[in-house]
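The structures come next, written out as structure tokens.
Each of the next two complexes has chain A plus one other chain: chain B in the first, chain C in the second.
Up next is the complex of A and B:
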């Protein structure tokens, strides 16, 4: 009995040790700022995770707007990266949250998605918030048109003044 | 010698003015070539920074076309100045005469002929200065407009080096051509 008890305690201990406890996250986020250089808005999140219980090499997954994205890990470091692209109109300027899951929590998420349940209530490992300033369409009138218009107006003024002098 | 009331210059005044304007002074020439060089250099910045032409790789194009354009634009300056000078002299003649007469009216030592020569000289100076400055302004405006139109719209699909060469050549060539008009 004692052996079974010890064995069970060991199993519990090992099972709890696989999950990241109280993760400390630092992140950097890039989002597309100009429409002219991209057909879609790209979001790239680079982050590092430190677990209180020292767990490393996590398999992490992100969820954003119903899309599941795997996080890539930089070899031999605690840095991860997640990126995705989305139509400019679907990501206007504003504040956004992206949830991250480890394997177990991601399994819960997938289960909820498959059964059509509301996934907002599924607990994630952590969340990263980012601000998107919006993809700019540039000035209303392009600068070369302004330059052409100005030069034409100036030339017209010069030409009409010359005509006046010669009249 | 006196001016006719219908403001047209007399034959002698006409000849005098022509004599003056034939002597394109060194200072005037330097002014024209200096200005032409500066305005011909302006499109280099446009093509270097906007059309992304490499400055050092395209140095030959820049140097050659700037020199060609300088020569043609200076020619345009001279031609337009010469045409306008006569017209300006006629337009400003009365005002200049009044101003000079006001200054020399009390001078008893000056003969009438001297006064009239002074008026003529002043007319020439005013006409020369105004024609010079206006010619520079007019030609610069037309040149830059032609360069911008050619490079942004007409020759936009060509490579930047060809775009630069052709837009500079066409702009300065057309400018020189239009300036040869006697009107």
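Up next is the complex of A and C:
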């Protein structure tokens, strides 16, 4: 009985050794800041993962807004990158979270997606949060319009005052 | 009847030729997402890879050597990445941000792709992305002249118009107050 217990424990240990334990993530996020620079809002997340059990070369997947994004590995580096483009209107300014999964956890996510279940409850490996300042279209009112408006107002004021005086 | 038979055989022939074999087949496109290409402003390059084959593509690597260091600076993302596996009918996208160092014409050429089309394959399959073609990188000064809000210029203009508006106004005000003062004295 004890032997069976020990054997099972060993199995669990070995199995868990294949997955990343307690990942430490350092990340850098870029989001489009100006509409002139890109016709769609682009989000680039470059990150590196340190696993407590020293596993490298992970197969990671990200999930954002229902889209599954496989993470790419930067050649000659231990960094990973996830990038996607989305319509400007669909990503307004704000704080966002993107979940990351390893192979096994991603299989759970895919199962939930296929069966139409709520995917928000699926446990991921880690989450990276980022804030998007919004893709600016330029100032709300252009300065030329402000100049024209103020000169029109000024001339109207002058004209009406003159009429008042002359009447 | 004969025509129908010929058309039938021809279409079967086409279908047989057109069906993919069991291997993966990747199609890749490279697009520049910018509305305007301007010196010293971000240039967004997007790469899309589609697996139109029947099996997963393994050890996919995308390398773009078409941006020389003398002309472009890499700001975000990477120009050399790899994916372990792209499944059949899947697509992945990759984006990099660069900054042009010089204005002028630039021919945007293809990036290189390499992958193993099946698990049994030993030789990597090489391919290229589509090329966006030639683009013009505008001078920063020209872009700025056209698009920046020019706050300082308008403020300077407002200050310059002050004398031509202000002096007559002040003259009128001073004479009006004198006249009103005289009238008040007279009526008293």
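Operating definition for what follows: the second predicted complex is superposed on the first by the 125 of 167 C-alpha atoms of A that agree within 3 Å, B and C clash if a C-alpha of one lies under 4 Å from a C-alpha of the other, contacts with A are read in each partner's own complex, and residues count from 1 in each chain.
Everything that follows uses one rule, which is that contacts are C-beta pairs under 8 Å (C-beta built on N, C-alpha and C of every residue); 3 or more make two chains touch, one makes a residue touch a chain.
Just so we're clear, the structure is a prediction, and the values are computed from it rather than from any experiment.
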Touched partner set for A:166, first chain B, second chain C, both or neither: first
Contact breadth on chain A, by residue count: chain C or chain B: C
Chain B versus chain C as contact partner of A:4, first or second or both or neither: neither
Which superposed partner A:22 touches (first chain B, second chain C, both, neither): neither
Touching partner for A:70 - first (chain B), second (chain C), both, neither: second
Partner chain in contact with A:40 - chain B first, chain C second, else both or neither: second
Which superposed partner A:147 touches (first chain B, second chain C, both, neither): both
Chain B versus chain C as contact partner of A:155, first or second or both or neither: first
Where chain A meets both chain C and chain B, residue numbers: 144, 147, 154
Chain A-touching residues of chain B, taken from the complex the two chains share: 50, 83-84, 87-88, 91, 134, 137-138, 141-142, 144-145, 148-149, 152-153, 183
Chain A - residues contacting chain C, complex: 28, 30, 32-40, 42, 44, 46, 59, 69-70, 72-77, 79, 81, 83-85, 138-139, 142-144, 146-147, 154
Chain A residues within the chain B interface of the complex: 144, 147-148, 151-152, 154-155, 157-159, 161-162, 165-166
For the chain C and chain A complex, residues of the former touching the latter: 33-36, 38, 41-44, 46, 61-63, 75-78, 80-86, 92-97, 147, 149-151, 154, 157-158, 165
